Structures are given as structure tokens and as C-alpha cells.
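A short write-up of the structure that comes next.
We call the chains A, B, C and D, going by the order they appear; numbering starts again at 1 in every chain.
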């Protein structure tokens, strides 16, 4: 009911609607999401746990997917765009434009968060860059956590949002829940990033690049795994056991 | 299903239903929302972060939009009424009556919150007036934060609530989520008001007017921006790329 | 879709289904709700604010309304049964049986919460009885808070749950939200009880009766106000402006 | 709308879809759920109450039921599989394979949580094993709490998820809410486990078996009670008073 107009129909509308608008929406959505994400980390008092940034980021993603998802798919995350492409929810030629828009959005969001924060709060929180991993001994755990948490996020996205046969009006809630859950569970292990664009923006702003590769490798590995898994399970896509169940 | 009776049909029912009832509902809703908003700030212990006022205000707005939204549109906020008017969801002649009702509601809510609170708790929390901005150096950041957060709120309202073609039963949740997200992310920057009526009520009650203009300028600028953006994108309103997607 | 079988149809099924089963369900639901409510207060650490009891009670009521609401209406609260009766959602002869079941449920829930708690935690939290009001100076504020918060709850119940023309599948969420909001906003003023059965159970268990009448007067006044208001607005019930909007 | 393909139809598809896939999904889901559950306990700071593990586990179960529930039923819990079998939502021959997959999933989840956590945090939280009950005097309260809280969970599962006549798209939310509510209310009494697989995994990893039987006896007793209750109430299953109401 909510999304009567399917993604495939959109390919009959002109060039602007097919290419430019989705990219602009990814840029706007990523900027808003990463502005909220960075600001909620910067403003969080360390003695109140990670509930505030978890809820802020989860609900922000939830509502952005709800209001913008029907235009661009509501990825706002290079790893989600990768899994969307793998399972056929995004045209291959749109992957790199999406990635560039998401990274630019990340930069804009992180810059805006820096602009509105006071200096001491900003540097106190390391500018919302991921500084959880401080020594080589933590690397393996952090990579495993990023992979597993991204698997959870990508499963939700695959089954709930992108796949036309199964998308439903409640999917934005579950996408948001997966972010809340990931931050609450994995926040102290790896930061629960799951999103290279979220890591990239603050890294540029603070020039903090230690172990930055973890937040590219982990999320992309996780979404690659889910993409392959879903393709294997769904066979020719017509009589897939996964989609059949709904 | 939930809102079978569209706003435009209401113009065929008599004068009372068209003008008086929506205004009374805006007054009641604003009073309840701002009573909850002020009280949750007054009762919040400062060492537990801003999760309590964020959740209280977000869920309160969510349920007020759900139960009263079909009568008045569920604005309870001059900035939301402005954007609703700009995109055609509110008749221009209703804008000023709505604003007056919302400001009166804000006064009633703030007065009621003062009445039920103990003196020391009330003044300890500055009567829930916005006192985050204390010096000129914080002004620019606060204005930017109010504008950006109001853009998020107004986007949700535009695409989810007011526009008849796209409204759906889940919109009240996302309106509430945008308030939770804004308070968690921007609470320490500007107070995350986004609502001149919410700022006006406690300002009168406590006679605190320092930097009060921020909470008029920021929200109205943000909603003006979204109103213009949506009109530009939606063209003649029939084959708008934004609404077409749903 | 969810509640295809309306309340009025139930009067054609036998005596057991019409009278005994709803009462048993009110007893079970009140016992579970008040068990959860008391336990979440007893186990709450005082330095973490009132978010834990607020969320526990709100979500508990939400899910009990969702799973049991179609059998008994999902009141679990004498004030809600009163407003349901006033607006025609409950037969007058069922009001007193419902009240007795709810009070018995409150007793069972409070006794069960006492049974599973350790002695020191139990008495530390005053057995979850309402001890917020300690001196006569606080009485007026507490009564006003109970009345206003019950108005919010009763509005949600009226428009969302009981009235057949407007009930929808999302109503249980908004009923739960109204409890979360009330506890976060009014917890430190009056305890945000809104439910005589919730006050009665722990009062018996701990033999604490100071200012107990507040938790009967406030909620019943609030629901009386909403009941009268809704009847006035809805006129003959056919072309009511309130229900027409949905 | 969401689940057009009912469970009973699945028995016409081949052996793999009927037996192997549901078991694999139970294994995957239990592993993810118990990984999240353990990690959220290990990373929780003790001074912020139990809100973080409550929300993390509740929302994780909620989204796993939403995305995997249509394949396996979304139990991830031996007690839920028991009640599903009792009320006819699971074939008896699938009960033991499900139990084995859930216990293996619990082991994998607990091992993964150990792998990504730092040594000191892990042992500080006793490896997320249930250590709430320390002395014989607490046993009775803990068993009663586990039974009552599992009754609430099983009621939600029965009426909302398994029973084909009444399942609806919102059931995953209420299943998640019941976990949040249980942890907030009973976390300090018994740990609010309600799931033998959740208790088994960390018990193996930390070799902590004191009072481990509580987390088998309590949940299984609670689900047995609900299974018998629902069968009694629903009579021959056609004109059941419980299902009739929806």
C-alpha cells in the first residue's frame, strides 16, 4: 500500500528522476544521518552508557529510510549499496555514484557537526571518529564484530527493504532497530560503525586514520557475505525459499 | 484505511468543524505537548543525560499526532503550520489562528507545569526555558542546529503527514522519532526546540528572553527551506517525483 | 483487519464468553501489568532516573492491550473502564465486575512482586507503593498532574481503542506511549499512577494509605472529564466531528 | 498481507525446505540473538541500570522474528518451541531438531561474544552467564519470576505469532517488547532469561553451572502452562473464544 510504485517502474521515467534525484537524496540523507550520528556521540556524557547515541542513530536511520527510501532505496551506507547491488536491488552503474554521494554526505554531516559543537566537547569526543580500537590486540575482535553486526543489518535490509517481493511498511523500523542493537552490543568492541561513510567523514575532519581500514573491510565483508548467501538461497529468484515464505 | 476522511472533504462540513474545532484541538494538543515537554525537563536529573526528556517529548508528540492529527493536522508548532501552509496542507487564512492557538497552548502548558512542580525543582531547571545558549559565541552553532533539525522534522511532516497522497498510518511514529533524535543529538547545542510555541510558553513564565529569537528564527527558516524545496521538487503537484515514488 | 470481530457481536455468544471470560482476562492482565509495574519500581536503581519503570510499564501495557484487548477491551484500570462505560464501549452492568477483577488483579500482582523480591530491595522501594506525596503542600500539584495525565491516557483509549469506528491496529502502541510519557513527565510529581488498581495493590501489601485517595480521585476525575467531553463532541454518535475525521 | 504464505502450505514443498532450512534458520537466528544478548551484558556498565541489555535483546529478537519468522517460526528459544508444539504451530518431530539447533546456536553466539570481548570485560561480567542467584534463599523467587515472565512471552508468541488465524504484522514488536519488559522488571530477581539456550551457551563457555537448572525448569514450566491454557480455552480450535475475538 505504502510503496505502490516499484523500483523497476522508475526506469521508464526520464534521466533526471532515474539518476540525479536518487543521488541527491543519498547525499542529503547521508549528510543528515551522519550529522545526527556524530552530534549524538559528541554530546553524549560518557557516564550514561551508549543508549543515547544508539537510539539517536537508530531512529534517525529509521525515519530517513521511511521518508526517503522510496526515492533512492534509503541506503546512506556504501555497504548497504553493495549488498543491494549484489541481490539485484541496485543497478551496477549506480554503485559508484551512490558511494561517492554517501562519502560526500558523510563529509558534509561531519563538518556540520563540528561547526555546531563547542571546541572542547568536540575534541573530548575525538570528533566522533572511531577511536575504540587503540592497539593491535583489539583488531581481530573489532573486525569480527563489524562483520557480524553488518550481517544483521544487511539481512534486515535485504529481506525487508530492497527486495520488492517482500518489502513492507514496517521495514524502516527494523533497519533502525538493527542499528540500536548493534551500538548497544558492539559499541565498546569496535564502535559498531557498519558504515564506511560514517567512519570516513569524522576521520577526514579530525585527521584520525588509525585502524580506519577496519570500518571499510568489516562492513563490506559482512554485506558481501549476505549478498552471496541470499543469492545462493534464492536460486533463480522466482521460487526462492526465502521469499516464498512471506 | 486509518484516515479515510481526507482534509479536503472537511471543507464541505459547517463553519464550526472547519474553523473552530481545528483551532481548539491545536490549543489542547499544544497545551498537553508543552506541559509534558516542560515537566519532563523540570523532573529530569541532570546526571542521566537527555534520554528522559527526549523520549517523553517524542512519544507525546507521536501520540498527539495519532489521536488529534485527523482533526487539525496535528501541528502543535508554528513552524510546522508554516511548512504545511507552504506545501498546500493548510489554508492561508488558518495560519494566524493556528499560531495564536499554539502560543496560547504553550502558555497554558508551561503554566500548568509550573503549577504542579515544587518551587526548587522548577527554578533548578530554569522552568524548562531554553538557557543552553549563554554567550554570543554559541549563537551561530545554535541557529544552524535549529535550522538543520527543523529540516528533518519538516521533511517527516511534509512527506508523511500533511500531503494527502502520501500520508500513512505510521507517520505519527516518525514525527515522534524526529523529536527524540533531535533532542538526543542537538540538546546540548541549542536545546533542540524546533518549536517557537515550546520556547514561548516557558519564556513568559520565567521572564527569560535572552537569545529567545533563536527559537523563532531557526525553526521558521528550516520549515521555509523545506517548504520551498518540496514545492520545487513536486512541480505542478500531479507528477511530482517525490510523491510519485510512494 | 486485526479486530474483525467487533465488541457488539460478542453479545450474541453465550453467557460465559460475554461475562466470565472478559472478567478473567481483566484479572489476568491486571495481575501481570501490576506485577511488572511493581517489580520494575522495586528493581530500579534510584540514580538512573525513571526511564526503566516508564519503559517497562508502558511496553507491558502495550503488549497486554495487543494480546488481550480483543477479549475484554484491555482496560486493566478502573479509570479506563469508567471512561469506556461513559462513551459506550462497556455495558454498565460490567463496570463493577471489571473494577473488582482489576483490584483483585492488582492485589495478586503486588503480592507476586513481593514474593519474588528480596526483603531489603522491597522495603527500600517502599514496596512500589506511591510515596511521592509526603506533605499536604504537594497534594494539589499531585491531583492536577494525575488529572491531566489521565486525560492524555483516556483520550488515547477513547479515540484509539474502545470506539469501534476508529480503533486501529496501532492503538496498543499509543496506549503504551501515554504511560511512558506520563511516568517520565509526572513521576516525580505524583508518581504518575493514573490507575487506582495499580495504587491499591501495593497499598494493601505495605499497609501504606497516606494520601491514597489522590490515586482514586485524580484518575477518576480525568476519565470523567474525557468521557463527558467525547460525548459532547460526538453528539448523536453518528455524525460526530471527532470520529468523522478518521 | 505480509505473510501470505501460511505455514501449512509449506508442507507441500520438498524435504529441504520443510526440514533443513527451518533448522538452519533457527541455528543462525539463535546464534545472532545470543551473540547480541551476551555482548550487550558484557559491555553494559553496571551503573546505568539494565536498560541497555533490555533494549538490545528485545529489539534484536524483534527484528530476527520479523526477518526470519516466516521461515522457521522465529523461536530461537526451546521454551517457545515447546509452546508452539503444544498449540499446534510446530510438528512434534521438529521439536528435538529445533532444540538442538537452538542450543548449538547458543553455543556459537556465546563463543563469538567471548571472541570479540576483551578478557577483563568478559570475566567482569561473568561471561554473560546467569549469576543473579547466588544462594538457596533466592531460588524460589527466581523460579517464580522465570515462570511468570515466560507466561507473558509465551502468551504473546501464542496469540501473536504462531497461531495462523491471528498472526499479524505487528507481532514481532510485541515479542520484542515482552523481552524488554521482562529484563527491566525481573533482571535483578532471576536475570530474566526465559530461554534455556540463552542460559546454556554462556554456561558452557564459562563453565558456570550453579543453579543452571532454574533456567530450564522456569521457562519450560511457563510455556507448558500457557500451552495447556490456550488448548483448554480454544476448545476444538474452530470456535475458540480466544481466537474468535480477533
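Odds and ends about this structure:
By definition in this document, contacts are C-beta pairs under 8 Å (C-beta built on N, C-alpha and C of every residue); 3 or more make two chains touch, one makes a residue touch a chain.
All figures in this text were calculated on a predicted structure; none of them were measured in a lab.
Each step here moves to a touching chain, and the least such steps from subunit B to subunit C number 1. The chain with its CA mean position farthest from that of subunit B is D. Inter-chain centre distance (subunit B to subunit D, centres taken as mean C-alpha positions): 40 Å. Averaging C-alpha coordinates per chain places the centre of subunit A 28 Å away from that of subunit B. For subunit B, residues touching at least two other chains, in rising order: 47-48, 51, 170, 173. In terms of which chains touch, the assembly is arranged as a closed ring, every chain touching its two neighbours and no others.
Chain pairs that touch one another are A-B, A-D, B-C, C-D. Those residues of subunit C lying in contact with subunit B across their complex are 47-51, 54, 138, 141-142, 144-145, 148, 151-152, 155-156, 159-160, 168, 170, 173-174, 177-178, 180-181, 184-190, 241-242, 244-246.
Residues 1-5, 10, 13, 16-17, 21, 32, 35-36, 39-40, 43-45, 47-48, 51-53, 55-56, 59-60, 62-63, 66-67, 70-71, 112, 115-118, 121, 169-170, 172-173, 176 of subunit A touch subunit B in their complex.
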